[in-house]
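As structure tokens, here come the structures.
One chain, subunit A, links the two complexes that follow: it is found with subunit B in the first and with subunit C in the second.
Moving on, here comes the complex of A and B:
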């Protein structure tokens, strides 16, 4: 359906008859500077947020994969951001952490002698990436922790007996073992983060730096533009891009299912 | 899990070990801090919340009663929670009714080409909702479903179904085949096998799956704001954003509303964290 609309010129308000425009909307999509900017924003946000949360998640997982007092409690604390409603996460960070006037982050900066910065308006893209990383690091951490705890202890002991340094053990045994888990984290993170809408909607409402594709399509159609034809073309472009991502994704998943008997 | 671990734990009971434990605690508290601050601010008065950060103040529940009291013309808390409750519970029940038989036929008695079927289910999850939102909006409009709970019930069911099937399948796959065979030899019919052997084993898995569906549906905002933004079907996330106003101070009220909106999910998530992560990883992690 979306495919059909994408070949038409159709504005809902004011209502105009649907007319066939062929590939016009597509040439528009590729020449439209705002769409290209939204695409760049989508890619930059997704890639940085996924990379940062996987890195942080791995480090924290390594930190938690030891026995210490309150291990379960600390894991629960770190898990919490992931459970927060995305809308709430965006609002809390914008108004209570990033805010120049009353934000806790700026209060800390002031204590060390740096002037307040209104993060959400000055660096909208990075402010949003920050919140995304805060919400997704726990997820990555849990996946990688599950991987770490699935390591066979006999292999690690053998390495120790053979005199391998902790460093060598990590890079030559642990990291290769974690690879499928990291792949899974990257895959799931990308699927969810490419669709991010809520955080941006409540934090900036889509300024020049922070409009990604979902928000852009929304602004063009239901959010006020009501140009369903061209908005459909934009979404078809997204679908094609996603199919490429999904092909890669399905391969990762089927790799994980290998060896499991029917 | 880690309790039974016998592998070498580097640096334990040394100074370095204590420092690492301390670091873990610091990281944990830092990650939790914004949530703590949100709950704290909910108990502040507006002047306290709209000032330099304050740790100590006279707590008040004034904001909680204010955000939950209805103002005419606006979406009331009661209405939003009722909408969310219905959309979430109906969709979760529908998902379970559809997903349990599907998971059964993909694991215990695998149908032909079960892997292909499984991948077909999950491939629907790869499509960004934004690509489907316009047709959905048009269909909903034609059916007269815009701004109703029904549209969200249907879409949340569709949204959670693939994940639920994957998650349940991995729980079903763990039922030992020998148990089912033994029940068969004892003369148990299909229904008897299901109720007396399979269900007791997978019950915790089913509970965790349902919980995850509840969490996703409860937190969902994109579909809700596009398809049912006004009071007939508006859900809790929409109500939360409604507490941001351009008139006067709203931080304490917003914090109170956010606390009410997130608390059920946080508690549910804490209780089911281990099984939940397995579901999120689509059953790929044991």
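Moving on, here comes the complex of A and C:
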């Protein structure tokens, strides 16, 4: 249905008859400055959020991959952000962390003598990326921790006997072992984060810095634009892009399963 | 070339009262292949890992070439280890696996390549240098693990059950190759196994451990013919030695009513030992089935195990009011059958152990 609409010009307010436009909406997608801006925002947000959460997730996984008192409790605590609904996460960060009047972050800044910053307004894109990283780090941590625990301890001991420093062991043995796990995390994270909507909707409601494609499609259609034809075309572009990503990802997954046979 | 010395070395795992390795004293000569053998939980692997530096030494010390390495990390001990599961680096090729330690030591690439190829030639691994471990068979992986150790020309080889993941036939073949390789390279080797056949066939000397304590260390032949206590007697030899609690009547040990033959010196030693309960050990080949009319221990055959070259006959008899099964070696083409009534006689040395389980004599 969407596919059909994407080849038409269809505006609901004021009601006008639906007319066939062929690939007009698609060429429009690539020339429309707003769509392009939204695409850049989508890519920048996704890439930075994924990269940062993988880095942080790896770091935390390495820390958690050792025995200590209260291990299970700490792991559960660290996992919680991932379990929180996106809308709730967005609201909590907007009102309780970032807010200039009531935010915890600004309170901390004030304590050290720095004036309040309205994060979500001044740096909308990075504020949202921050929340996404906060939510997705636990997920990455979980996948990478699973990878770490799947590593045979005697391989690490062999490296020790072979005279490898902890640094060399990490970069030459542990990291290559983690590669498929990291790839999986990056893939799943990307697929999900490219579709992020809730956080942006509740935190900034969109804007030049923070409107990504899903939000833009929303604005074009039921969010006030009511131009379903071009909105359909935009969303189809995103779906195609996501499918390409997912196909790529399935290959990674099968590679991971192959590795297990060793 | 190196000598290895354990001096009252102990390892007590956190949370455990009893030491996993209890005051181990052991001298290993330069170029020697010493086998540590024992059942699961005997501490043999722990002892090896203490020497490797992978296990903390709680008490005592370990020396390599008179240098105290008790607190040295593994990389400072100049040792190479072969692990039970080989512990190959899965993402690296065979060549990189073998050259890894050299790379860490900063050996230039050309020389690394040369030494890896040399080791690969010794181990017939040349066609596989560019493969990943997962594309190798079990035996090839085992050889890569060996190659990784010999490339480094270390002071000491440590081997932790390196053959236990191979199938039976390959294990026997690799066992011989390994012993031959060790003799050619002349590198001091400590070899851990739970398989007493492996221990006996490979070791220049064999150290038997049980519950973290060293029971006996001796040449395989001596271990077999002169076990120092009941544990060693029962552990070494296949099928196992018959070990029976016997009592002394009128100064003579008796098995199922029959006197047990002992040497003169043993009889003297027995005379000066208190207690009436002793352990009698006798290997299946030192018992024999004797024809009718002989005066032996009467019993009934319950099982006949025919192995071709020999047969083991299980004879049920009564000893001190309880049922007792003796294993007797018989010739390969035995005519003995289950249900036969037979007589068992002594046909070789016996081993007598005191009430404390220590050897009295034979």
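A few notes on this one:
The rule is short, and it goes like this: the second predicted complex is superposed on the first by the 258 of 262 C-alpha atoms of A that agree within 3 Å, B and C clash if a C-alpha of one lies under 4 Å from a C-alpha of the other, contacts with A are read in each partner's own complex, and residues count from 1 in each chain.
Note that in this section contacts are C-beta pairs under 8 Å (C-beta built on N, C-alpha and C of every residue); 3 or more make two chains touch, one makes a residue touch a chain.
The structure displayed is predicted, hence computed values, not measured ones.
When both complexes are superposed on subunit A, subunit B and subunit C end up sitting side by side without clashing.
Once chain A of one complex is fitted onto chain A of the other, the partner contacts of A:160 extend to both subunit B and subunit C.
In the superposed model, A:111 makes contact with neither subunit B nor subunit C.
In the superposed pair of complexes, A:71 makes contact with subunit B only, with no contact to subunit C.
In the superposition on chain A, contact is made by A:87 with subunit B only, not with subunit C. Of the two partner chains placed by the overlay, only subunit C lies in contact with A:173; subunit B stays clear of it.
In the superposed model, A:235 lies in contact with subunit B only, and not with subunit C. More residues of subunit A lie in contact with B than with the other chain of the pair subunit B and subunit C.
Overlay on chain A (Cα): least separation between subunit B and subunit C is 7 Å. Common to the subunit B and subunit C interfaces on subunit A are residues 157, 160, 262.
Residues of subunit C that touch subunit A in their complex: 52-54, 73-75, 79-81, 83-85, 87-92, 100-101, 104-105, 132-134, 148, 152. By the touch criterion stated above, subunit B contacts subunit A in their complex at residues 1-3, 5-12, 17, 20-21, 23-25, 27-29, 31-35, 37-38, 41, 49-53, 110, 114-115, 119, 122-123, 125-135, 137-138, 173, 215, 218-219, 221-222, 225-226, 236-237, 240-241, 244, 251, 254-255, 258, 261-262, 265-266, 269-270, 273, 277-278, 280-282, 284-286. Of all the residues in subunit A, the ones that touch subunit C in their complex are 152, 154-155, 157-165, 168, 172-173, 176-177, 179, 259, 261-262.
Only residues 1-2, 5, 60, 63-71, 73-89, 91-93, 95-97, 101-104, 107, 134, 137-139, 142-143, 146-147, 149-151, 153, 156-157, 160, 166, 181, 184, 188, 191, 194-195, 197-198, 201-202, 213-214, 217-218, 221-222, 228, 231-232, 235-236, 238-239, 242-243, 245-246, 249-250, 253-254, 256-257, 260, 262 of subunit A touch subunit B when the two sit together in their complex.
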